[in-house]
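Two complexes, one shared chain (subunit A), two partners (subunit B, subunit C).
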Partner chain A sequence: MTRELINRFLIYLLIAVCTLWLIIPFTMAVLWSLVDPAEPWTADKLMPPVVSFYRWHNMWVNSSLKEALLNSYTLAPSAAILTLLLAIPTSFALGRISFPGREVAKVIALLPLVVPPFVTAIFFTSLLFSLGLHAWRFGAILFAHSVLFLPYAIRIMTVSFEQVRQDHIDAARDLSASTIARWRVAYLPALKPGILASLLIVFIQSIEEFAIAFIVGSPNFVTIPTLLFGSLGQDFVRPNAAVLSLILVVPNVILMLFLEKLLRSANPSMSSGKGMA
Partner chain B sequence: MTWRRWLQVILLLTPGLGLIVALIGTVVYIAIVQSFGLYNLTGESLLSAEHWAGVLERRAYGRAVRYSLYIGILSALFSVALAYPLALWLRKPFTGSVAVGAILKAPLLVHGLVAAFLFINVIAYHGVLNQFMQWIGLWEGPRRLQNDSNAIGVLILQTWKNMPFALLILTGAVQGISDDVLDAARDLGAGSMARFRKVIAPLTISAMQAALVIIFIGAVADFSFQVIAGPTNRQSMAQLMVFYKDGGRWHDAAVVGVSLMVVALVGSALLAFAARFILSGRRFR
Partner chain C sequence: MGTVQVNGLQMRFGDFLALPDISVSVDEGEFVTLLGPSGCGKTTLLKLISGFLKPTAGTIHIAGKEVTHVPPETRDTAMCFQSYALFPHLSVRENLEFGLRQKRIAAAERDQRLDRVAEQLKLGPQLEKLPNQLSGGQQQRVALGRALIMRPTVILFDEPLSNLDAKLRDTVRMEIRRIQKDYNLTAIYVTHDQSEALALSDRVMIMNGGRIEQIASPEELYWSPRTSFVADFIGGANVLDAEVIGGKGEDHWVLSTPLGELVAASGTEPKSKKIKICWRPEVVQPDGNGPNRIETQISERSFQGSFTDLFFTAAEQTFRVQLPEPTVRSGENLAFSIRPQDIVMLESMQ
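Moving on to the complex of A and B:
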């Protein structure tokens, strides 16, 4: 009973803290994005006096938002597909073949997560300059994103490959299935959740990535985070920044929730429709 | 293994692992050689330690190193210190624990720049915090809270963003401790503090070290929180590096970049070592 009381008290406390932590800041952002320029929201007013979608419309028509959305949402799926294609062979080796140094290789695959992102961004730009490729911004950022987010895809796909059941592969082989057929019936069902999770996580990471897009892309190539960063600097207009923040955060929250659901259901026995032995 | 098998493994590793090693290796190599005057993008390359000597004697460099360490260490410690009790609380499921966990981990879904915007919105001169403090009568007038000189804003942002991550790692570790072990400690008369110090902390030390190190590396190399909410009279190492690079001083940027990598590496090793030293009862294992 005492434990229950403590838990209830802590939950109420947590709700209060989270109101400060999450609800108030996000409500403020939504309200600021709806402030109509005809009547400013001054400190003496609790709520914006006039609300409208003017800021949203204005940002859509008069800023680089369209370009940033196009760039971000072209870059992210391209990076997700390219990363997955690059990760599959390595993950197969790490997940299905036993070789000396395999554990070391798994650790080395995490290297991009250890080097500070701005160091990678700046000296990658230096490399692009020396190769004369600095004008090729989209391709350069796509390449950098694909390599930097490889650790996520390799990690997820390695686990997926490890979970492919050998008896399924053997059964397919015994039934004289070709290599392609074996992949289709034995590998693919177990790999499917991992493939989707890898695509989604790299997509989200790429949409959110700031350092590479900022250093390699500036000043001509804008993504949503670089546009938001710009709007938080010397050109700070609170309602415009609120619009950009919501555009950046809302789709990602939905995708992240979907990802979590996907990762929870990433059970090979379920996806292959067979019980575990 | 036969040579054919080796060849197959190497070919399979090349597109993934090979690219990682090539890109990160090249980036680190360029940073190091550029810091010694080589790989000059605008003129003749000349091997020298002159850039190191020049940057190291600048006061801005020393301040940036100290400031980045301050942010890195405190962010890691605050995040872990907040996450530990929460992880212990959520160890056993109870009514509403899933919802509580989800709420606590919500900041993981929010981009750092959005978090910075939300924060400066709340602490703005005429923001909700200032108005609330005046309304309850604690402050007579609005105060300037953004870009405070002690970087409390940056520390709050770092903790806000990183605590859920520490919680994620620590919850898994704490839930892995079996009830039998804790019951045995309780039967032997250990109180809450003794159970934490002698059972929970040693058994979760690896998770705590991982959380400390990952948060430290991210916070020590912070750029965006510092630029948006940090003190205007100080620069973080990442900010200083970008400043040099924007001025075309690639070699000086390289010195700061290499220093940043060293600080991240040495700092995280020391932090992990200190955590083990303190939590394992000052015994080395």
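Moving on to the complex of A and C:
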């Protein structure tokens, strides 16, 4: 009985801590974004003295926010789709074809992730410049993001391909399914969660990526992070940064929740026969 | 020529020769079981017949047409998988219809075939459910239905009952046999369970190490095994070495064995002077007054229900005798006899 009580107490405590962990920074960001320039929010006051949407309006009208939003939200989905397309053949090979050195190849595919992103960015951009790709800034950043975030997509899709059941493929063939029908009935249901997860991860990575977008893009091509880091620079205005960071984070959270729901509806372990517990 | 005709089939995986040379013919409406221990090549042979593997030599004909290199999607076979391999995201109806849709069968005929299969397999109430909402036995029936609905020339079973519990296995087994007879299907069935093979089949093909040991009716396999492998694999016969020391009248052979001198008269001739012989544990005559009398000390007794297993050792070999309600206890002596026609002469000794 007491044990149960302690358990329940600990669970509530954990939920409370997690909630605070999420809520405090968000609340701070929201509050800061609402500070009116008429009177600054100084350390001696618990709440901002004057609250208004001035900063939001101001950022919307006077900064390159609209352009940055447009750029970021075209770039990120394009990078997500391109990365997925690039990852699928490799993942298929790593997940479904047995060849000597497969396990080593899987590790090598992940290796680029251990290099600090800024280091990669500097050398990758010099590569882009020597290729002459920088003339088309959008294309250059798209290419760079797709290559850089490929390891995530490859890793996720490899696991997904490993989960496709050979007996489902065989059954489809045995029942006269064409190559396309075979993909639809045996591969796609098992790959769906992986596809969604790769798209989301690359999307979020791309939308938050600063280094390459800055080196290749600035000053003509703004994305949300370059704009954000710009306003963290020499003329640092905390309320403006709060507006930008909220704009950056809110769509991601929504996407995350959306994906969580999708993933739940496409359960790969849902199956029959031998594989079932 | 049989409905399924396999000639000189060879399968090599790298250095490993899985099937050296298999020839077998299965007639229309016949139920043939491939039986053997794991790794004997029975599943490889089934995969060759279904088209999932390409043989390194030999030919396969189905219904008179050569299909050796025809892929499974265009081969007129349907497979019932061990894992059932039902598509988890499709309903029972969609699973059953899948093959017909691939073959672009008209909707009217599709519905008609679906109704028939659903009725026959009692799947009507389950049609709109997903596979994971069904019990193991129901999933098994969907897998069977999905193969049946294709009306294939040959239906192939890959250990379809191995995931069911013992009680269900018996009912599904009878159902498979009934449907196979109703449709007059040609069926090839792979299993490692000898009781399944004996109960279901018209003929059983015993495989060992990629070779066919014997193809025969269940009764013939049981009572007239041709090799010691078959004798031991089916029902666990007592196999022993013997030397032919003389003939005695027509068909009677006198043998010198670790159990003493025995007379065999099972209607075959010994293949050489030194051979292997076998007798079934249940053929012993408890009176001990007949020919081939053996008196021995029982080392172990194990009650099995309708009969009791008694074990004794002779010449460092353990033998098994089955008797209903024996009075003998372990440590006591038992005398019994074996009729000459129950001693089967097997292959020559190597």
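Note that in this section the second predicted complex is superposed on the first by the 227 of 277 C-alpha atoms of A that agree within 3 Å, B and C clash if a C-alpha of one lies under 4 Å from a C-alpha of the other, contacts with A are read in each partner's own complex, and residues count from 1 in each chain.
Note that in this section a residue touches a chain if its C-beta (ideal position, glycine included) is under 8 Å from a C-beta of that chain, and two chains touch if they have at least 3 such contacts.
Predicted, not measured: the structure shown is a model, and the values here were computed from it.
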Greater subunit A contact set [subunit C / subunit B]: B
Taking the superposition as given, does A:Ile108 touch the first partner, subunit B, the second, subunit C, both, or neither? first
Check the residue A:Phe9 against both partner chains and state whether it touches subunit B (first), subunit C (second), both, or neither. neither
Could you tell me if A:Phe53 is touching subunit B, subunit C, both of them or neither one (first, second, both, neither)? neither
A:Ala186 contacts which: subunit B (first), subunit C (second), both, neither? second
Which of the two partners, first being subunit B and second being subunit C, lies in contact with A:Arg165: first, second, both, or neither? second
Classify the contacts of A:Asp174 with the two partner chains as first (subunit B alone), second (subunit C alone), both, or neither. second
In the superposed arrangement, does A:Phe124 touch subunit B (first), subunit C (second), both or neither? first
Dual-contact residues of subunit A, meaning touching subunit B and subunit C, are none
Per the touch rule, the subunit A residues reaching subunit B in their complex are 4, 7, 10-11, 14-15, 18, 21-22, 24-26, 28-29, 32, 42-43, 85-94, 97, 99-100, 105, 108-109, 111-112, 114-120, 122-127, 129-130, 144, 147-148, 150-151, 154, 208, 210-211, 215, 225, 228-229, 232-233, 238, 241-242, 245, 248-249, 252-253, 256-257
Show which residues of subunit B lie in contact with subunit A when the two form their complex. 1, 5-6, 8-9, 11-17, 19-21, 23-24, 26-28, 30-31, 34, 39, 41, 89, 94-96, 100, 103-104, 106-114, 116-122, 124, 126-128, 131, 142, 160, 217, 220-221, 223-224, 227-228, 238, 241-242, 245, 250, 253-254, 257, 260-261, 264
Please give the residue numbers of subunit C that touch subunit A in the complex, ascending. 50, 52, 71-74, 77-79, 81-90, 98-99, 102-103, 130-132, 134, 139, 143, 146, 150, 163
Contact footprint of subunit C on subunit A as seen in their complex: 165, 167-168, 170-178, 181, 185-186, 189, 270-276
